[in-house]
Each structure stands twice: as structure tokens, then as C-alpha cells.
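Two complexes, one shared chain (subunit A), two partners (subunit B, subunit C).
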Partner chain A sequence: MSDASRPGPAEIAKRLQDEFGDKIVAVDLEAVDPFCQVDPMAVDEIATFLRDRLGFNYLRCLSSVDYLDKKKTSEELGVVYHLGAIPDARHLFCLKVRLPRDEPTVKTVSAVWPTADWHEREAWDLMGIVFEGHPNLTRILCAEDWEGHPLRKDYVSPDTYHGIKNNVV
Partner chain B sequence: MTEISTREIDQHGDVKTEEMLLNMGPQHPSTHGVFRVVIRTDGEIVIDAESHIGYLHRCFEKICENVNYTKATPYTDRLDYLMAMGNNLGYALAVEKLMDVEVPERAEYIRVIVTELSRIASHLLAIGTYGMDIGAITPFLYCFRDREKILFILETICGQRLNYNYVRIGGVAYDMDAAMLTMVREFCDYFLPRVMEYNDLLTYNGIFIERTANVGVLTPERAIAFGCTGPVLRGSGVARDLRKDAPYSVYGRFDFEVPVGSGEAGTTGDCFDRYMVRMREMIESVKIIRQALDQIADGPYKTDKIKSKPKPNKGDAYTAVENARGELGFYLVSDGSDTAFRLKCRSPAFSNVSVLHELCRGAMVADVVAIIGSLDIVMGEIDR
Partner chain C sequence: MAGEANIQEINFNTDAATRDNVLITTLDKVLNWTRKSSVWPMTFGLACCAIEMMATGASNYDIDRFGSGPFRATPRQADLMIVAGTVSLKMAPRVKLLYEQMPEPKYVIAMGACTISGGPYIKYGYHVLKGVDRLIPVDVYIPGCPPRPEALLEGLFRVQEKMKFERILDRTREGLRPKILVE
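Entry: the complex of A and B
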């Protein structure tokens, strides 16, 4: 895709708003990576639209974030999707969802981009985000019987694991 | 004799074959680390394969939330420990993206030189061990002979052989003097004819071609869907290289090709194509190094605007570089302090190995080793 024919972030955001209305919660085009914050329960249909109609055939990165800071201004969790296209490396966009801490559930996009399968398992494993509709949402990096989700800001690591001492200084 | 046995099976009609579960790893010479694959086989044919990772997990991302930006650099070395320079560079660029800082040109050139040297070293190891996986021991020794020369140069530059901690936020740790630049130039002259030697030893060896051609074919559509990047994607014929398509650092100033697989020995996207892309990329890396050596000018090797504890602006950004295994990305969320609020590492080998089960389906058991080797996995960055 040439520079002229490639839709810019503003146009992508407008296409999404026209198509999905209030499922697009917020738009920020001034950020370093311009993004749309969307409804967690609609992320799969929005992803399909972005893939099929706007050419985002490649999910570059799926990150989970815990927004709980020291001042407790936010207690939410989040998932950030960095989309790209192959071979057009400059065709970029970003989706974000915010999830309540007590019930962090978001629709899976593993059917849209198969690479999301493992990335979502990682987000579940380390951050405890539930991906509704995921075919095999099990731990991937931590041991199967590990307790808790280590990347949460309020995570406390266990003192022992199968008799192995931890937290020893 | 044959006739009788055939008749016996026909008469009984109940000769059953059972599927067998075969566990490969976590300690297996061909997995290059601790990686486990459970293979479901029907005789010699693989029906399905399931990868189990995480044996080296140390929660790198959590560590980075507990140490400041400068202290986190050595931890990035241990991600893809075969191309630590590339990890340092990706991380430094990610932090710099959220800072108002200009990196001196000389530093950018030094970064390119050491990263490309590192890429050659990484590909040499990939090629050498790949030959060994398949049964050719000798090329491994030749590859390590030349890899050693690169490690020696890098050791001269920064004092380390594997985990360099050399590319820092705002520049590099030490300057390269004229003698070091000469060493690199001499290495380039020495190295190019060696590629012919590897080709004679391994690439055009009939047995090697038989073992790799038409094995583990990955179509470009599936490669993109599974987020494969680097030589794995380019082996499938897709010319995607961030150094070319979205140049970072000073890569935009160099003239080089992006080798892609074309199915020259069998089908496009087979193990041979992935191997061959790495082989040709080494020649392109030498081209880049030579141009960088010609263009590098005197000047400072780091910016003096960054203190020992850099504080990026509040915000978040995703930065990606082309590492030896593909797109290495860092998603950094900064709250304006001297420690990352969240740092997610998108490791190329993690996505590349997630396609393994598709490549293994229908393959012979002996080919699983050839397929794993062609993906060139490094467990340090898969498990993080």
C-alpha cells in the first residue's frame, strides 16, 4: 500500500465509529501510538472488521497491563492490541480495552489472529485476564499448579513452592 | 514370504495399530534448551504435536518493574542470549522513544555495526547446530570457528562475549577506537569467502537437501496468521524486514537486499528455504557493516543529556526492531518515574514456535527435529 492510499489513524478511528457507534469508548489520536478504546465484549467483531476491511492481517503484540498505581487512581486491568500489516509495515493501529479488577473478562481474538492464542494464554497466566471463547485458556509460562498472577501489582510471591524456599534474602 | 504375511493380516482382519504419545524433551539435544513437545504418532507419522514452554520462565517483565531503566538493560541480554546486542538496541530504542533525546550519529553507527556482527554470530550458530541436528557434525565446527572471531571482536569492544550490556539508553557504553574498526573490517574480508565454504560443506550436500527440502512447509498466509517474523516468515517468500520497511536507527542509509525463500530446492516455505534465508542474510549483514564502516564519523558515542537514572515521559509506546529471529518488540508504559510501570516484551521466537504443531502434522517423526531446528528457537526469550 502506498502512503497516499493507506488510511491514517484518524480515518481508521472514524470508520470504526461509523461501524460500531458507542462500542468505541474513546479515541486518542495524539498518543505516540494512536488508539481506540473499545468495549471488551465487542473486541472480536471489531478485530474481524479491522482484519477483513482495513487490512490488519497481523497482530504484532498483545499486552496485558495492570493500571493499579501507588496512589490507587485506577484499579483497572487492561489489554492492548498492537495491529500491523504484512508486508506494509507502516500500516499500524492500536486497540485498548479496560477491564474491572474483580471480573476481567474480554472476548478472545484467537479466531481472528491465531497468534493471539498463545499471547492470550500468557495474559491469563501472568495477569489473570479471562478471554471468553478461548479454546484452551491454560497457564503457559508458569507451572500448572502455580497460584496467583505474578504481573498483578498487588501480587505477593509465595514463601515456598513444593518445599523450595522463596523470598529468602 | 511376503505373500503369506499379507494373507495372515487379511484373515484375521483385526490387526490394530495404536496411536502413541511420544514425549520429546525437556532435555533433548535438538530442542536447544529446555523445551518439550508431546507428539502423537501413528507409526512414523506425526498426527499432532503440542509444545510446552516455560521451563526458563523468570518473569523478566516483573523484574523490569522493580529495577530502574538502566539496571534493566542487563536483563534484556538474557532474553535472546544469542543476539544480545539486538535486545539491548530494541530496549534502548523503546525507552528513547518516550524521551526527548537525540542519540549521536556515531553511537547509531556503532549500534548498527555491533548488532549486525551479533546477527552473523547468531545465524552461524543457527546454521551450525541445524546441520548437527540433521547429522552433519563438521559444519558446526567451521561455524563456531568463525563465530569465535566475532565474539572476540565484541569482547574487545565491550569486555563481554555473550551478555554485552553495551547498547545503552542514549548511546553505547564505550567508544570504538580505530583499531577495533579495523578488526571489524578485516573480519568482513575474512568472512565472505567462508560463506562459500559453508555452502560447499552443507547447503549443497545431497543428504542435507533431502532432509530439508519439502519438509515443514509453512504457507505465507499461515505464517502471517501465527505472527511469524524474521527468517521463518521470509522463508515463506514474504519480504518483510523492519530494517528495510520501517527503518530505525540509521538503517535507512544502507543499501542491502532482503533475501526471501523461493522454493529453490523444493516448496516455498520449507526448512531449506528458512535455512537459506539465514545464509544469505549473513552476506547482507556484511554489506551493511562495510557501509557503516565507510560512513561512520567522529563524534560523541553517547548523549550527555541522560543521567544515570533516565526518566521517560508519561505515556506508552510500542517499539520493534528486526532481531535475528524476527520482530522483537517492547511495549513500554511509563508513569514518568525512573522505573518502568509495565514493560511487555514481544519475543519473535515465542510467536515462531507457536506454529510448530501445524508444521509437524503429517510429518515423519524424524522430521520433527529438522522442523524445530529450522525455526531457530532460543528458549531464553520464549520463556522470558
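Entry: the complex of A and C
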């Protein structure tokens, strides 16, 4: 795709808003990576639309974020999807979702981009985000019987694991 | 007995045939010499320290010169466990299992900062074992991040030094080895 024919972030956001209406919660085109914040329960259909109609055939990265800060102004968790296209390396966009801390559930995109499978397992393992509809949402890095999700900012390390002392002397 | 009589008759100073052909030593010395000259480590690397361990095994540093070349693919044939790299808590029960599968006498080298104390992960490493000596008894600690191959060779010499002064009758080798810490 040439520079002229490629849709820019503004056009992508507009097409998403035309198609999905109020499922697009917020749009920020001034950010380093222009993004749309979307409804967690609609992220799979928006992803399918972006892949099939706007040419985003590649999920570059799926990250989870803990927005907890020291003043407790925000306790939300989040997931960020960086989208790209092959072979058009400049065709980029970003999706974000915000999730409540006590029930962080979002639709899986592993059926849209198979690479999301392990990314979502990692986000579940380390941040405790539940991906609804994932075929095998089990821990990928920590031990199978590990308790808690270690990359959350309010996580406290256990003192022992299977009788092994884990405290810092 | 006839044998006793023969021994008494031998004069080591004057009998040339005996003087040039008989060597007197102790069983302990012979056994320890054979043991220290063929320390077989286990093929077992956990992180970046294992790269240095491989370099030690390769031709530039050539651990074979000291009889320690054959890295065994099973703990049943190994004398020495070189714990080379960060031990995660997921890996810890497996490390202990491998240690228990090694036949006695067995020796452990803790190679590198992570293995000694958790290294850079000691404070925020939620999933890192903070020293492999919390799990299995360690004979020699090699500091470094990672230690150079020369340091690993020096660690091997320390293990060999330890082997040199063991007694075969001291089967439990008490006083030489700490006990397993985690049941």
C-alpha cells in the first residue's frame, strides 16, 4: 500500500466509529501511537473488522497494564493491542481496553490473530486478566500451582513455596 | 602364614627388583586420586552461566585437561552438579529431584550470583530462588555474573581439593557435607 492510499489514524478511527458507534469509548489521535479505547466485550468483533476491512493482518504486541497509582485515583487494569500489517510496515494502529480490577474480563482475540494465544496466557498468568473464549487459558510462565498474579502492583510475594524459604534475609 | 613370612623377608633398600617395582600408598589416596581425576559433571544449564560453562568445556579452556570433560546426560552417571544460572521456583523442585537421582558421592558447585543468593533478582524477583543452598547442600561457591571460565576451573580445583582428603571409612562423610535442607 502506498502512502497516499493507506488510511491514516483519523480515517481508521472514523470508520470504527461509523461501524461500531458507542462501542468506541474514546479516541486519541495525538498520542505517539494513535489509539481507540473500546468496549472490552466488543474487542473481538472490532479486531475482526480491523483485520478483514482495514488490512491489519498482524498483531504486533498484546500488553497488559496495571493503572494502579500511589494516590489510588485509578485501580483499573488494561490491555493494549498494537496492530500492524505485513508487508506494509507503516500501517499501524492501536487498541486499548480498560477493565475493572475486581472482574477484569475481556473477549479473546486468539481466533482473530493466533499469535494472541500465548500473549493472552501470559497476560492471564502475570496480570490476572481473563480472556473470555480463550481455548486454553492456563499459566504459561509461573508454576502451575502458583498463587496470585505477580506483575500486579499490589502483589505481595509469598514467604514460602513448597517449603522453600522465599524471604530476603 | 607363608605370605607374612615373605613380607618380612623383603628388604626395600637392597632388593633392586622390589625397589623399582613396588609403590606403597594408602587406599584412601588411590581412591581419592581416581575420583578427583574423573569428576563427571551433569549436562545441566539454567541461564547465562551455562554459556560460560559451555565455553569452559570447549577447546579454548578445555576442562578435559582436568578429567572433567564428559558432561553426562543423566544424573545417574554424574558426580558433580554445576548449578549454572538463575533457579526459578518452578525449577527448584526439579533441581532437587536431579540432585537426589545422583549417586553418592556427589558434589555441587553453585556458579554465579543468582545461584549463590538470587543475584540481581534478590529483591524483586518474585519467582527466583534466593540461593540454591536453600534447597540442596553446596560444596563450592563461585562468585561472578557470570564467572569467567577460569573461575569455573578454579571452582573445580576446589572440589578436587575437597575430594583429596576424604576417607573411605567415613561413609557418611559427616562434617564434610551439610544436610539437605528442604524435605
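Methods note: the second predicted complex is superposed on the first by the 169 of 169 C-alpha atoms of A that agree within 3 Å, B and C clash if a C-alpha of one lies under 4 Å from a C-alpha of the other, contacts with A are read in each partner's own complex, and residues count from 1 in each chain.
Definition applied: contacts are C-beta pairs under 8 Å (C-beta built on N, C-alpha and C of every residue); 3 or more make two chains touch, one makes a residue touch a chain.
This is a predicted model, so every value here is computed, not measured.
Comparing subunit C and subunit B on the residues of subunit A they touch gives the larger count to B.
By the document's definition of touching, both partners, subunit B and subunit C, reach A:142.
In the superposition on chain A, contact is made by A:57 with subunit B only, not with subunit C. By the touch criterion stated above, A:44 is placed in contact with neither subunit B nor subunit C. When the shared chain is aligned, subunit C comes close enough to touch A:162, but subunit B does not.
Touch criterion not met for A:120: it reaches neither subunit B nor subunit C.
In the superposed model, A:150 makes contact with both subunit B and subunit C. The intersection of subunit A residues touching subunit B with those touching subunit C, taken from the two complexes, comprises 141-143, 150. Subunit C makes touch with subunit A in their complex at residues 89-90, 92-93, 118, 122-123, 126-127, 129-130, 134-135, 182-183.
On subunit A, the positions that touch subunit B within their shared complex are 31-33, 57-61, 63-66, 69, 80, 82, 86-90, 94, 113-115, 117-119, 126, 139-143, 150-151. By the touch criterion stated above, subunit B contacts subunit A in their complex at residues 53-54, 57, 59, 61-62, 97-98, 222, 224-227, 233, 238-240, 242, 245-246, 315-318, 320, 327, 329, 331, 333, 335, 341-342, 344, 346, 350-351, 354, 383-384.
Residues 141-143, 146, 150, 155, 157, 161-169 of subunit A are the ones touching subunit C in the complex.
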